[in-house]
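The same chain A turns up in both complexes below, where it pairs with chain B and then with chain C.
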Partner chain A sequence: MHLWIEEKELKEIKDKFPSIAINKEENFTYIQVKKSQLLEILRFLKDRLNYKMFIDFFCIDFPLHNPRFQGVYILFSPEKKKRVAVKVWAEDNSLPSVISLWKGAKWAEREAWDMFGVKFEGHENLVRMFLWEGYKYHPLRKDFPLKGYEEVYLPSLNLRPGEIPAHNYSPYHTEIPTMEDLERTQKKRMEKRNQIVLNWGPLHPGTHGTIWFLFDMEGEYIKNCDIILGQLHRGVEKIAENLTYTQFIPYTDRMDYISALCSQVAYVNAVEKLLGIEPPEKAKFIRTMMCELQRINSHLLWLGTYALDLGALTIFLYAFREREKIMDIIEGIAGIRLNSSYIRIGGVAKDLPEGALDVIKHFCEDFSEKIKEYETILTKNRIWLKRNVNVGIITEEDVYSYGLTGVVARSAGVPYDIRMIQPTDAYDKVDFELPLGTVGDCYDRYLLRMEEMRQSVNIVRQCVKKLEKMKDENYIASDNPYVLPTLEEVFNSIESMVKDFNLRIYGEQVPEGEIYLSGENPRGELGFYINSKGEGRPYRLRIRSGAFYNLQIFTKLIIGRTVADAVALLGSLDPVVGETDR
Partner chain B sequence: MELVGTVVVLVIKSVIFILGMFLGAAYLTLLERKFAGHVQQRPGPLHVGPHGFLQPIADALKVLTKEDLVPDNVDKVLFYLASLMAFVPAIMILAVVPFGDPFTIFGVEIKPYITDINVGLLLALAFGSISIYGVIFAGWASNSKYPMIGGLRKAAVLIGYEVALGFALVGPIMMAGSFSLREIVEAQQNIWFIIPNILAFVVVIFCVLAETGRTPFDVQEAEAELVGGYVTEYTGMKFGLFPLAEWYIATFVLSAITVILFFGGWNPIPFLGWLPIPAFVWFFLKVFLLFMFFLWVHWTLPRYRVDQITELAWKVMLPLALANIFIVAIWIIIFG
Partner chain C sequence: MGIKKVGLNRNVQPQTLTEKIFFLDFMKGLKTTIKHLFRKVITVDFPFELVEPAPRFRGVHGLRNVDGTEKEDFDAWVKKLKIKPPEMGETRCIACKFCQAACPVPEIFIIKAEKLDVPEDHPHHGLKVLSQFDMDLSKCMFCGLCTLACPTVCIIHTDVYDLSSYTRRGWVLNKETLSKIADDFIARRGKEKYDEKSHWPDWQKIWDDSDTARAKAWDNNPPKLGPNYADQQ
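Entry: the complex of A and B
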């Protein structure tokens, strides 16, 4: 489905600003503007044309071009359900900050500074996003080697004197942060103005991973807050530039490790669209079914840990009991429980095993009862209400300004769901409802996630019904020249073997072009921007992480609330650090 | 000579009570773990001994042989004192808790209590209040932010509930006309004090949950917020004493006092008095049921926020306790 800005509006912009260049393509329509006009055009887009929702900002490095860096803004109009991208060259390595228009740009700009060294004029606190203060390099630049610079002398602790190390052993290591570095990072982020600064994290049972919160507290009340991310930063975007498209699929698993299948589907859909591959019908239904199972799985993990954070220990085990069943189903189908790598370009890796659909059908029947059980314990519990109602209220304005997506956006009453707006796979062939919140507090988000689980069961049921009739159909479009042949084909025909060899060694030779396509992850919109230069690997791959943008509003909502609320609020925003840090 | 005899008897009784409480508390941990296991649809400890029956002994051995880490910057005196301050007062309440009427075996009269002083209940309350020093000392001495916040939270909660608890106990005392726990039980031979004191009973249930730091009032060690609360820096047996004192001994002893005040102590359950069951079996049965009730609450509910807890104490529990005194006063005027 086409989601980019229409001709009429492009013309309107062109009339207003004659100096811009418009590039209209099916997968990515953008407006090329000059740096001096950037803020003016963005304001025009936001206020006049209603492109008021901030989706993403990122940079691309062109080492041979002058100026070297290009910034890309992606905006969305909630009324028209259209996207528009704005590109600008960063002259003198700097761009004007757009925080005055969208607060959500704050972290994205910091990330661009961290990764590319592009400065932002007017940014309130331009410090590094993932790496520590004092780090010398900007790793996403093209001239930064994948391996990094090995320059710190770090001899092995296990090496005893007199021993001869292995022939390729090197005591030099890429730079790692020291205690002083971390202290400097902490000081740069927040000043102490009140009684105590509480370091909540990086390793803390309440933070769901390795997020480092800084709370400036007056008694138990948090007066100021900042978040230090990056403890799990692995440079996934840099790795992607050095791998073929198929090789990158396992890395998408390890971003949002709780909903691996959803990430895979979002990524593979983007690549397929760029390559022009149409997966077979059966593969589409399998993908949709697996995505929804994964969504239930993810929401169950959320329910368990959220209740655990608020002190209800028992719900945790109840939720895991059902989650275990989904894990077994996924293991039975994909072979792996967590990081399943099941989706392939052009289809899925394996056919459904015999009996899988029966197991899923039984699970669906059983699960509807279990949701009632959870709700009996929690939904009308007075303590649960006291801890959740009116905590962390998100308004519609916040959603647009911070680029919030997923359940967090829907709790504020914004019907933003990629499954509805831009249905991929079989989402346009199944029936489901979109629950919306009214208040936007933690309790709304709890109710929405419970309702979403019910809707997901409903979708899974419909997919099972369809899949039962497609038993003998093909599950991967392996006759397409870009799609890896199945194992059977490789063993039985020399052509397939050669094709397999070529695709695995040289990668899919994706035609030149750009694409931004997203999928509805349980944590929000997971978008993939791929810039291809006609090679076997992407020139630039940007991951728009829903959890990253959703987490950003935490620092605003927590002001004036207690540490106990921080737990509830963080739980209801539900970030996964693997995805925020990438 | 008589004095020496009394002292010897007291010492023997104290040793029996303390050892019994230790062993009992150890097995209460097993009970809780089994109970939690079955609530959560898992079997609980199974492997040490038959059906996990020796698990508490394995736990005790493990906790005693653990390396005892003391962080560098702690206030050493208070750090050690804290775990004792939490533990000793909790077990000292036992001195005034009677477990039955005096009885005679082989011509020797045995009193199943250590002392029967006429201000027993006040003494129990006082010991209960002292144990909070352990928590505050632990929070302060650890020289760390999380224990500090945990200790202060607990202090805030306890101040609120001590007041409500004090007023709630006035009802039964008015009806019995005595502070002695034994006399309070004797006054309940015809009718249990739960009848007019139902409001006080509700208040006492909340207070016991708050004092022993069980969910929904376990804010002092809310693990998702404060890691381990005031015990974050403790290890080994020093750590083990805190939950042992709070979760088991204090809960057990307070359950016993609640039973004495509201459920007729060792008097048989109404209409079942003809059964050939000894008095202390009745007593322990009631205490056990109440203890299980606390476990049930603990493993079901989420937890309150600390400001909500103190709000509850001052705005709901204190008025309820005062209303109870009023009701009991009218009851006494009517029924004498």
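Entry: the complex of A and C
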């Protein structure tokens, strides 16, 4: 199922702006525009054609082309449920800023400046997004080596003189920020206008990871806020350009490490669409089932830590009790508790082991009772109500302007769920309800996640029922030339062995093309844009992270509130730093 | 499929006056916590009580030795790569470096094979032996791609999970250590994981259901394991 803009509307745009070029393909439809017309066309798309939701902006580097960088905007129309992409060449290494249209573009443009060195005219504060001020390079450019420039001498501290270092240890390291660099970064982000600038993080248990918040405070109240990201930036997009498609699967786990299976499924679905592989029915149901288990797992972790932040320690212990069971299930099926790398291109890595469905059924049986237990403690508790109700209200306008997705968007009453509007895997074959909030405050987001857990159990039950009848079906489409054969096939036939060898060493030779496909992560829409030049490695892989865009609204919602509310608000937005920083 | 509206005044009613006056919200919550006081303990007493990892668990790597359960085409691989035919108890590794090629972080491996220094009339003249096989596990993601690429089922994942070390050197395992880990693992749990031709059977139990430590973590009410599919029951 494709969500790209229809022919009729493309014609309407072409009539209005004759100079544009339209490229309509099955996986990616874009309009190529000139830089001078960009803002005009985007405004036309937003106001006239209702493509008012900002999904993503990113750049692609073409070193041999002049101008070198290409910017890509992806927009969504909530009424028509269609997407459109707009491409523009960055002449003179600069593009007009679109903050006036969508506020969500602010961080995306800063990221493009950080990674590619593309300037944005009219941006309010164009500073680096992930790296520190004063860093010399723009790492996602094609001429930047994968390992970086190893120019800082950093000898091992515990190496005695004369001792040979272990393995291939090198005393030279890529540049790391000094204290002065960090100070400069902090000063450039936010100006002190009030009484005190409070640093919250980067290592604070309330931030759920390594996020560095700057609060400009007037007494107890926050007057201005900015966030410094990048402490967990590993350059996953750069790594992807140097690996085969299968080898990148373990890295997708490590982005959103709390819901690894969901990220794997989102990535693998995009690659499969590009390759034209249809996974077998059984694999689809296994994926859906595992995704929903992972969603419950992720929401349980959120519930536990969120309640812990607001002072309810008991819930943390109760939630982890159930989470441990899901961890056990995932360990038994996939092999590892957290970063499972279980999904493969064309199916799943291994069939379900004996007893897996029994264990899952057993878990589903008493889980609804456990949710009731959590709710009796929290839902009507007066402290819980005081801390949550009417804190951090998100409006529908914010959702479109900031590109909010997932629970955060649904709490504002926007029915945006990728599982519904673009069902992948077996989501179109299972029945579930979409919970929607009414006010958009932290309390709504709490109720939504509790309701989502119930719906997920429901989906898992339906999948188990279907899987019980699929004994002899294949779990991986290994007859496809792009899919790695199973172990048994490799052992039994020489053709499979040659295919296995070729796929592992040279990678899947993906045909030339582009795709943008997303999956519903517990944190929001996790989109993968893949640009293939017909090689075994992607030319450009962009990860549209839901948590990255959701976190951006924090700076707006916190203004005028207290530090105590910051804890509640951040918890209810539920970012995972592995995904925001990538 | 449908849409379900949630929120205060929708599916949750605000606190009533009686609830506010008599602190019924706290009472209900405390009832739940007090009920838990009388439940059995679910925490596993870690260093004294261990949960046995599932058969599919991917822990520290091991290098298997020749023990008579090689795959049928093992000899053909040895011949093809000009490796000295290994005897009982010697490593199965044929230095093909498929594991390194399949690995997302190839810097983990240092694999070297050396030619044997023997006179020309010796039967092993011109053949190689594995001289170095180092793995830096501090860089490893335990994704399992190397074990699937191995043509001789030499490199395997064991169930060892304690990897802590005071220095980085402690995470660099050489071929002797890896062999020892694998031998130990095969002696303990080899039968559960591999059949007599080193194949990894699809039909394994998700975990050992007689494990008391795991049963504790499952609320002292562990699930009964049976076949997955309806027509097998």
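Just so we're on the same page, the second predicted complex is superposed on the first by the 570 of 582 C-alpha atoms of A that agree within 3 Å, B and C clash if a C-alpha of one lies under 4 Å from a C-alpha of the other, contacts with A are read in each partner's own complex, and residues count from 1 in each chain.
We adopt the following convention: a residue touches a chain if its C-beta (ideal position, glycine included) is under 8 Å from a C-beta of that chain, and two chains touch if they have at least 3 such contacts.
Here the structure is a predicted model, which means the values were calculated and not measured.
Shared-chain residue A:205: touches chain B; no touch with chain C.
Judged by the touch definition given at the top, the superposed model places A:377 against both chain B and chain C. Of the two partner chains, chain B is the only one that A:564 touches; chain C does not reach it. In the superposition on chain A, contact is made by A:313 with chain B only, not with chain C. Within the superposed three-chain model, A:224 lies out of touch with both chain B and chain C [touch as defined at top].
Once the two complexes are overlaid on the shared chain, A:470 sits against chain C while remaining clear of chain B. Once chain A of one complex is fitted onto chain A of the other, the partner contacts of A:405 are absent, as it touches neither chain B nor chain C.
Contact with chain C, but none with chain B, is seen for A:447 once the two complexes are overlaid on the shared chain.
Contacts of A:389 after superposition: chain C is touched, whereas chain B is not reached.
One of chain B and chain C touches more residues of chain A, and that partner is C. Shared contact residues of chain A with chain B and chain C: 314, 318, 321, 377-378, 381. On chain C, the positions that touch chain A within their shared complex are 1-12, 15, 19-20, 25-26, 28-29, 31-33, 36, 42, 53-58, 71, 98, 101-104, 107, 110, 134, 136, 141-145, 148-149, 151, 157, 167-169, 172, 199-200, 202-207, 209, 214, 217-219, 223-232. Of all residues in chain A, only 196, 198-199, 204-206, 220, 307-314, 317-318, 321, 377-378, 381, 383-384, 386-387, 562-567 touch chain B in the complex they form. Contacts from chain A toward chain C in the complex involve residues 156, 158, 166-169, 243, 246-251, 253-254, 314, 318, 321, 324-325, 328-329, 331-336, 339, 341, 349-359, 361-363, 366, 373, 376-382, 385, 389, 415, 420, 431-439, 443-444, 447-448, 451, 467-471, 484, 487-488, 490-491, 497, 500-501, 504-505.
For chain B in complex with chain A, the touching residues are 36, 39-42, 145, 149, 153, 215-216, 218-219, 222-227, 299-308.
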